[in-house]
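Each of the next two complexes has chain A plus one other chain: chain B in the first, chain C in the second.
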Partner chain A sequence: MKTVNQRAWFFVLPVLFLVAFNALVPMMTVVNYSVQETFGNNKFFWQGLDWFEQILRSERFQAALGRQFLFTGIILAIEVPLGIIIALSMPRKGFWVPVCLVLMALPMLIPWNVVGAMWNIFALPKIGMLGYFMNDVLGVNYDMTQDPLAAWITVVVMDVWHWTSLVVLLCYAGLVSIPDAYYQAAKIDGASPWAVFRYIQLPKMKTVLTIAILLRFMDSFNIYTEPFVLTGGGPGNSTTLLSIDLVKIALGQFDLGPAAAMSLIYFAITLLVSWVFYTLMTKDDQQ
Partner chain B sequence: MKKRAIIPILYILFLMLPIYWLVSMSFKTTNEILAGFSLFPQTFTLDSYIAIFTDPTWYWGYINSIIYVTLNTFLSVAVALPAAYAFSRYRFLGDKQLFFWLLTNRMAPAAVFALPFFQLYSSIQIFDTHLAVALAHTLFNVPLAVWILEGFMRGIPKELDETAYVDGYSFPRFFTKIFLPNIKAGVGVAAFFCFMFSWVEMLLAKTLTAVEAKPIAAVMTRTASSAGYELGLLAAAGTLTIIPGAIVIWFVRNYIARGFAMGRV
Partner chain C sequence: MAEITLSHLKHSYLPDPKGPEDYALKEIDVTWRDGGAYALLGPSGCGKSTLLNIISGLLTPSEGRVLFGSEDVTTLPPDRRNIAQVFQFPVIYDTMTVRQNLAFPLRNRGVDEGTIAKRVGEIAEMLDVTDMLDVRAAGLSPDNKQKISMGRGLVRDDVNAVMFDEPLTVIDPHLKWVLRSKLKELHQRVKATMIYVTHDQTEALTFADEVVVMQDGEVVQIGTPVELFERPQHTFVGHFIGSPGMNVLPCEARGDRAVFEGHDVALEGAVIGNGGDVALGVRPEHVRVAEAGIPATVTKVSDVGRHFVVEAQVGASSLKAVLEEAPPEKGSAVHLAFQPEKTRVYRDGWIATEARS
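Take a look at the complex of A and B:
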């Protein structure tokens, strides 16, 4: 049991100051902008909650939000099962384990704009490997600058390529912590592979899997650089996810009020969903 | 057992294809790249790499990135260590709420913070310095470092602390001489994650710099757009950004699985 000690606050102070400076000050700036209108020259007028209403009603925001949920839903539906399958089929010990882990982690260490640029070149028709393969070998008409569906598939495949390893590594960490005795007992009982998965492996992976889903949700919901470099949000607006739209409004059009209101709504949604995950996670911890 | 190996092999093949493509392109001439598809470089050339290593704007991009990433890693781990210790050992007023609040910063979209950070750091006159980027990245790295370290520290029994106090150790001496060596792996993993997320983040790094501290990624976009399609150069620069990550990951390869689980296995 942990002891109650209020002086522990002193240990937390450095983090508190640093994060408060970095998070609270900018957050207050955003809140400030979100309730005001500016015509330049640093003149501001009280606007109340108009921006929030305007953003929530705008079709542009609703469309971007819809695309964002669709994107996050698709990549979670692909990456989580795929990650579990790969983790289950990985070797448990031996020379190949560190090799596998290092190679799998490699995509996650590439700067995000390089990932976007890389996939952009990779998918170029005629020149890129993927583009050449699709168009000239398979004979499919594939051009992500023209076809929204091709752009979506490329963005999703890129994200699967980039982040599935996170799920794999987390699940793998859970799996290697299972003692051999469990498997032997299951063997004696004549348990089917499904039963072994359902009653031994899955419960052991539960905590790490929750972390994986939580991290994948947060990161895919906030994704900006990779799809922006890959497709620029196009063709048209078809791959304009929330962050891309937000940066367009804030830094492109410099509409500070609407951008700030949108930021807060965006943050609130991320927070709400993450909070649900977090409560589920800590509930398990206490049991 | 043997048949199952096909799945990881296929997966790794899928991961390596775009990387191979990038590396192979970096050894091609731009003319060859634009001429059409070829699996291997026909005329092998190091021109792109030579161009990068002889041009200060290029190689300073790398140096700038490495400076702010290192600065961020030290800063994040240093402040996270005592906090993680407090969270792992004691209960105090508002500890759960504080922990969750820290994590919320990991959830904030970087796009939300880009403009306010620009204004905040401009007003305290650290815009376009390495410190600005390093500070901005602590926003998501400090919570992560606290989270990882707390997980590792929880695995160290409390008896260790108590025995040390009975033996007459003061807290600072106990922490540096006994406790830290015990969570070496955790510190390594936390540092690795700080390095990783600071190295790959682009939006804030680009927004908070102009000339003096411009990261490699920003140099890349500018050169690629102003000189048209210099794909060979772009590919070489991209390849070089993979190398630091690959080196760092090799050092933590034995802890990586547990590290990704934030010590919670």
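Take a look at the complex of A and C:
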């Protein structure tokens, strides 16, 4: 017979406190703000779901959300194929392996705000090397502080520079785990390089690739520091992504209620997309 | 289909081999007839996989030539040699069904769909996998996966040879036997030359018509299972094949006799050559307890089921005998007799007595 013993709960308590203080309590505070209005002095008035409705109907939010999806879409469309291509062309053994790995890891080791600052200086016309090269050597009109397209290109290129390595390293780990016999068998079966990629390398990379895409989706969807330092959301609102807009509302205008409602909507979208994506990617394995 | 000739083949993994010790594969020169079943047998690291990879074209030999029939294929890539290979760990294409796996080598060669369907059906029936044709190959058990990778080799009707690189390593013991007899049956049906690499003597001896025994990159003997057992050309063969292996005892050679621990031993024939390290070789199966002969003390008796293995001490040497009848007790003093026609002298490992005609 099993003895019922409630003492086990004591072992769970420390974790419970930890999670409560770093996730549950802040989260519930946000929920609390999202249904109230305050005019300062720590006085709150019940507002119901008004803020949610207001945010979802606002053109400003919809525009920022659109920009956010556009940005994440572009990032994934570039970084995933590029990462796979780089991983495929990296050497599998020998002296160059550690060299390549360190070179790949370097961008990821740089703090986010430093990346933003670096690219800001790099891209400024007249001052930065890139800006000078584009405008004065190539004669292309390139000014990310004035031209929305130039600003977008700079933000995208910066993110590709910063984070493609993550996809590369994960894919590379998947590739080196494929035994030689698979390649030998494919040779004997007369498989083309494309068939080798499609039927051996891609299936073997699938698990790590799923993780890579998921991480890149979440990170790029929540991105704040780098574009904030680089363009500050400008010119105009052209590179104001969701998180930048959120900070403007919360800290710039100090509209705590709408900002809290927006945070929750933002969180729900990230969670939903990640879940749908993960379910679709792993659906095959359950069959 | 073709006869396979390995002509003065040598291989070194070093770019600039100096002496024989730099060669992973020392000189081999052999011809295998079309449709035969051959085994390469030897311990790990003896060069048998190197040899296999040279035949399949995954490796280009440093010296020598590989001929399929009269065609020199030494530098041809694997896909142009029409060979098939089954690896130690089953290689299957995870995302494909069993049917797609079997069809893959044919699709890559642009065979028309009608022929593909027909061939896949035949092979599936041969391998008893017809009922799992539409299952995803990733979910199969190791023995079925290994069957599928075998099937991918056999599905082409133009294969010159099918090569097996220790294919039963990951298979459960009770299924090894099933798969091995399946292989034998397949060989009789498809009549392709089959080359089987293994370190397991049972697998080699039951599968092959002719076994190539290798040690340290060198071929020590090529022969039928019976020849390897009855007249080992090298003490390594004597020791590696058979359970327990051949007794290798110190001795002195004198004409057509050998002196072992001060006792005169009759041999199968006259001793050839001079000098070197001389040893007496006799299989435990050819040693018996007799009325007269070499006096010995029994040190250990083991009952292995079908027979008894008796260990005995003669002077400073210990040797084994396999006895069918009730063995003497441990500690008892007995006399041992060696069958003269199965007793030989080896010089530096190699056989040094003339064969009986």
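Just so it is clear, the second predicted complex is superposed on the first by the 261 of 287 C-alpha atoms of A that agree within 3 Å, B and C clash if a C-alpha of one lies under 4 Å from a C-alpha of the other, contacts with A are read in each partner's own complex, and residues count from 1 in each chain.
Here is the rule we go by: a contact is a pair of C-beta atoms (placed from the backbone, for glycine too) under 8 Å apart; a residue touches a chain by one contact, two chains touch by 3 or more.
Note that the structure is predicted; figures quoted are calculated from it, not measured.
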First, second, both or neither for A:G190, with chain B first and chain C second: second
Touched partner set for A:I200, first chain B, second chain C, both or neither: second
Chain B versus chain C as contact partner of A:V4, first or second or both or neither: first
Which superposed partner A:A261 touches (first chain B, second chain C, both, neither): neither
Touching partner for A:T29 - first (chain B), second (chain C), both, neither: first
Touching partner for A:S89 - first (chain B), second (chain C), both, neither: first
Dominant toucher of chain A (residue count), chain B or chain C: B
Contacts of A:P111 with chain B and chain C, given as first, second, both or neither: first
Sites on chain A touched by chain C in the complex: 179, 181-182, 184-185, 187-192, 195, 199-200, 203-204, 287
Chain C residues within the chain A interface of the complex: 56, 58, 77-79, 83-85, 87-89, 91, 93-96, 104-105, 108-109, 136, 149, 152-153
Contact footprint of chain A on chain B as seen in their complex: 4-8, 11-12, 14-19, 21-22, 25, 33-34, 36-37, 39, 75, 78-80, 82-83, 85-87, 89-93, 95-96, 98, 100, 102-117, 119-120, 135-136, 138-139, 142-143, 146, 196, 199-203, 207, 216-217, 220-221, 224, 231, 234-235, 238, 241-242, 244-246, 248-250, 253-254, 256-258, 260-262, 264-265
Touch list for chain A against partner chain B, complex: 2-9, 11-12, 14-16, 18-19, 22-23, 25-27, 29-30, 85-86, 89-91, 98, 100-114, 117-119, 121-122, 126-130, 132, 136, 161, 164-166, 168-170, 172-174, 176-177, 207-208, 211, 218, 221-222, 224-225, 229, 242-243, 246-247, 250-251, 256, 259, 263, 266-267, 270-271, 274-275, 278, 282
